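Same chain, two partners: subunit A is paired with subunit B first, then with subunit C.
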Partner chain A sequence: MSKTAIIIGGGVAGMETAGQLNRLGIEVVLIEKQASLGGHLKNWDRLFPDRRESQEVFDYLEKGMNDGISLYLNATISDIREAGGKFTVILEDGRELSSDALVLATGYDLFDARKKEEYGFGIYDNVITSAELEEFFRNNKQKNLFEGVQSKRVGIVHCVGSRDEKVGNLYCSKLCCVTGVKQAIEIRELMPDAEIFCFYMDLRMFDRHFEEMYYEAQEKWGIRFIRGRLSEAAENPDHTILVKVEDTLTGLPLKMKVDLLILLVGFVPSPETKRLAGMLGLKEGDDRFLCPSDEHLLPNSTDHPGVFLAGTLKGPASIAATIVDARAAALQVAEYLVNGER
Partner chain B sequence: MKIEGKKQIWNDYQKEIAEDHFFYVRSCIRQNFFPGSEKSFLRIMKEELKKDVYENPSHTTCSGIGYHTDIVPFETSMTMVARQFALMTEAGYENFTTSCITSFGLYSEVLNTWEHEPEMEEKAREFLYKATGREFKKPKNVSHASDVIYRFRKEIAEKGKYRLVNKLTGEPIRVVEHIGCHYSKMFPSKGVGGAEYPYVLIGMIEDWGGEVIDYPERRHCCGFGFRQYLVQANRGFSVSCSKKKFDSMEPYQPEMILTNCPGCPMFLDRWQYAISEMEGKTYGPDGTGIPVLTYEELAGLVLGHDPWDLGLQVHQVPVEPLLDKIGISYDPEKKFKAADGSDIGRPEAPVYLKFYPEQA
Partner chain C sequence: MKSFGYTITKDRQIDYDANDRRLIEYVEGIEPSIRICMECGSCSATCTAGHFTDFSIRRLHTLLQRGETLHLRKEIEKCMLCGKCQLVCPRGVNLRNLILIIHQALDKLHHDL
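And then the complex of A and B:
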């Protein structure tokens, strides 16, 4: 008799885990709370570092969603029960789904930029988040970001909600740096005469081609990088934004006016992950992301036999890394279902 | 500017403010700077709102200025704060209200320290007992006097004789508010509206009919910032701080500045005079300045108190243009008269800043 796995979460990690397990001959049930699959990937226009269309990645993941996968969209889980090594997931509408293994792939939320009150997101007219900019790029291909604006000066603020004790997030979100560099280049491509300033603490261009992209931003596109954390933003009478920052390389305080301020919002653990982890008694780290049973050797297993983790519910990760993690998770689940090992 | 965003933050930062029975502690410097403010608070609370406010004349400085200038060690400050609490306990009160922002910040800091480091509280109790034989209970509620006025702002509006409206045009008076750093920058949750968009003064301005102006340098220091002023050599920095604020608010044509802290009205008022003498620059129309009021003075004006009883004649920036706009009645002849009618003398008229009563 074939074994069944339930995947909770239909973003990149959930879709890839589901597709892989299905190809390994395991019956897969995929539960997604939203009306469609793809999670945050659907909000991206182009991906770093090569700026391929995000749609290409989605199309690949979607191909894996063949008939062997039972898909439950708009589905919220009200309870999870366990008896005799079997899991029963109860949906809010009363439907019950059972399986031999569970994979949590519930992802992350974006940091709510309103919590950095001093930056004025949600208050000042010209302060937006990197996610909003990406949405703009996705929905308005090649359209000028600043119709009607004369001077075109853009500030990009790194580490919003990350590496910030004040908001309770000490961890690095890892991918905001490269996102900021990518978006700076894209703004410059659209508006060659725009002045673009990135305000950063230090640039963590850790992955392949990231550092090259940072060089390209400076050498080819003339993006200016100022090492200093923004202390505050305020709105001028003409709705431009006044920013204050210390340029820590020159040791001087700096005050400048920008037409648009973009906040690079980081990852935060999602409340849905916390809720489901609570039902299953899973371990949370100091950073509130979920912990696998062994960071090095069992990165997809938990202390709860039959329950596995995939993707960014364990912490910030790129799409490429998430896909690798999802495949690793699928292999671990398959091994558990075949050999009974976690 | 999206007001909904601010309202969200204001909802997030609400605090408990006691309703009655206040143990009131004064500021070290306000009675010299703005002599009618504390008197106005007591008059409003006792006579108009019929609240019980108790003062013990043997209360001392909280030591805040000494503490923030590194002269008084924290243990000493803690013990002095403990003594104020002992006076409150002995008088049978539980709600502690301070006139001074720096005191409010220090009381909040000491209580917060005791919460996280109970051994520090034990130390303070021991020091106080050894020095004075006194013991104390911690207050149930600590508020700044502006919190209390904020709590009763609607009652004040109802009883009020005037609204912050230009009597000729019917337009609201445009007000800039300045909150004072120690009110909520140290402990955002202790201030109404938090640290970045504090609401305590805005609530008064709105309910009394005025319009609030947000301007780019709203958060910038008023110019007191102890090190800038107490160290005489740094005073140029103090005046440049104030000037930065005036330059930033000027395009919005504010008609008044409302303040919360002992230092802010002092520097925002006095430095307007200094800048006018140094550079010939004034920030109001026709050589006038922007009048600077404390929240007690403004509450007093709204309630119809005589401006000279409120001590407005000691302001360096004359308040008459504002009084005239609102239509507040006053006798220009009594500006420099004491309560018994005797002459209190008058300052030398500034060169550039328009002086009232205008001299022929």
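And then the complex of A and C:
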């Protein structure tokens, strides 16, 4: 009899884990709370660092969703039970699904920028988040971003909701830096005359091609970088935004007017992850993301036999890294189902 | 009027909107390599002039980027054009040329700096 795995979460990690397990001959059930698959990937226009269309990645993941996978959309889990090494997942509508292994791939949420009240998101018209900008790129490809706004200067704020103990997030979200640089270049392409500034503490261009992208942003696109964390943003009567920052490289406070301020919002653990982790007794770290049993050697296993983790519920990760992680998770699950090893 | 000895302290904040950026635009136009500075400070660390005076070519470059040009003429006179800054720069910014072009620009733009 073939073994069954239930994957909870139909974003990048869930889709790839499901596809891989299915290809390995395991029966897969995929549960997604929303009406469609793809998670955050569906909100991206182009991906860093090569700016390929996010749709291409989605199309690949979707191809893995063949008939062998039982898909439950709009499905919320009300309870998870366990008996004799078997899991029973109970959905809100009463349906019961059973399996030999569980994979949590419930992802992350974006930081709610309203919590950084001093930046004025949700209060001032011309303060938006990086996610909103991405959505704009996705939906209005041909149009000028600032039609009728006469935008000449754009500020991009790094580390919004990350490396900030005041909002409870001590960790670095890792991918905001490269997202900001990517978006700066994309704004430049739309508005060749604009002045574009990134306000950063340090640029964490850690992955392959990232540093080169930073270099290109300076050399080819003339993006300007000011080291300093924005202290506040205030709206002028004409709806432009006055920003204040210490230019820490000159040691002087600096103020400037921008027409548009973009906040690079980071990753936060999702409440749904926390709820499910509570049901299964999984441990979370100081950063509130879930912890595998061994970060080096068993990055997809948990202390709970038969329960596995995939993707950004363990912390900020790029789409490329998430896909790699999902494949590792699939292999770990397959090994468990075949050999009983976790 | 009776003087109580109080004066108005000048704001040391960089007012980017008020600053004159003609100089940096001129310099960048001739020497675009100055755009790629990543503010590492290698140049200033090796600078001979910087060992004996408060001259910092890294800081001068950053201030120039912000349109802060006060004291610039006096500052660049401290540079001896030895070129060590350029030798150590990991990104190959042509710093010697930066100084030379600033000289040129100050004359050309008739800046009263």
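Here is the rule we go by: the second predicted complex is superposed on the first by the 341 of 342 C-alpha atoms of A that agree within 3 Å, B and C clash if a C-alpha of one lies under 4 Å from a C-alpha of the other, contacts with A are read in each partner's own complex, and residues count from 1 in each chain.
The criterion applied here is as follows: a residue touches a chain if its C-beta (ideal position, glycine included) is under 8 Å from a C-beta of that chain, and two chains touch if they have at least 3 such contacts.
As the structure is a prediction and not an experimental result, all values here were calculated from the model.
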First (subunit B), second (subunit C), both or neither touched by A:R114: first
First (subunit B), second (subunit C), both or neither touched by A:R227: second
Touched partner set for A:Y215, first subunit B, second subunit C, both or neither: second
Contacts of A:D303 with subunit B and subunit C, given as first, second, both or neither: neither
Partner chain in contact with A:P237 - subunit B first, subunit C second, else both or neither: first
First (subunit B), second (subunit C), both or neither touched by A:E62: neither
Which of subunit B and subunit C A:Y124 touches, first, second, both or neither: first
Subunit C-contacting residues of subunit A that also contact subunit B: none
For the subunit A and subunit B complex, residues of the former touching the latter: 114, 117-118, 120-125, 232, 234-237, 239, 242
Residue ranges of subunit C in contact with subunit A within the complex: 12-17, 32, 35-39, 58-59, 62-63, 65-66, 68, 91
Subunit C contact footprint on subunit A (complex, rising order): 214-215, 218-219, 222, 224-225, 227, 247, 249-250, 252-257
Contacting residues of subunit B [partner subunit A, same complex]: 1-2, 4-6, 8-9, 194-197, 214-219, 251-252
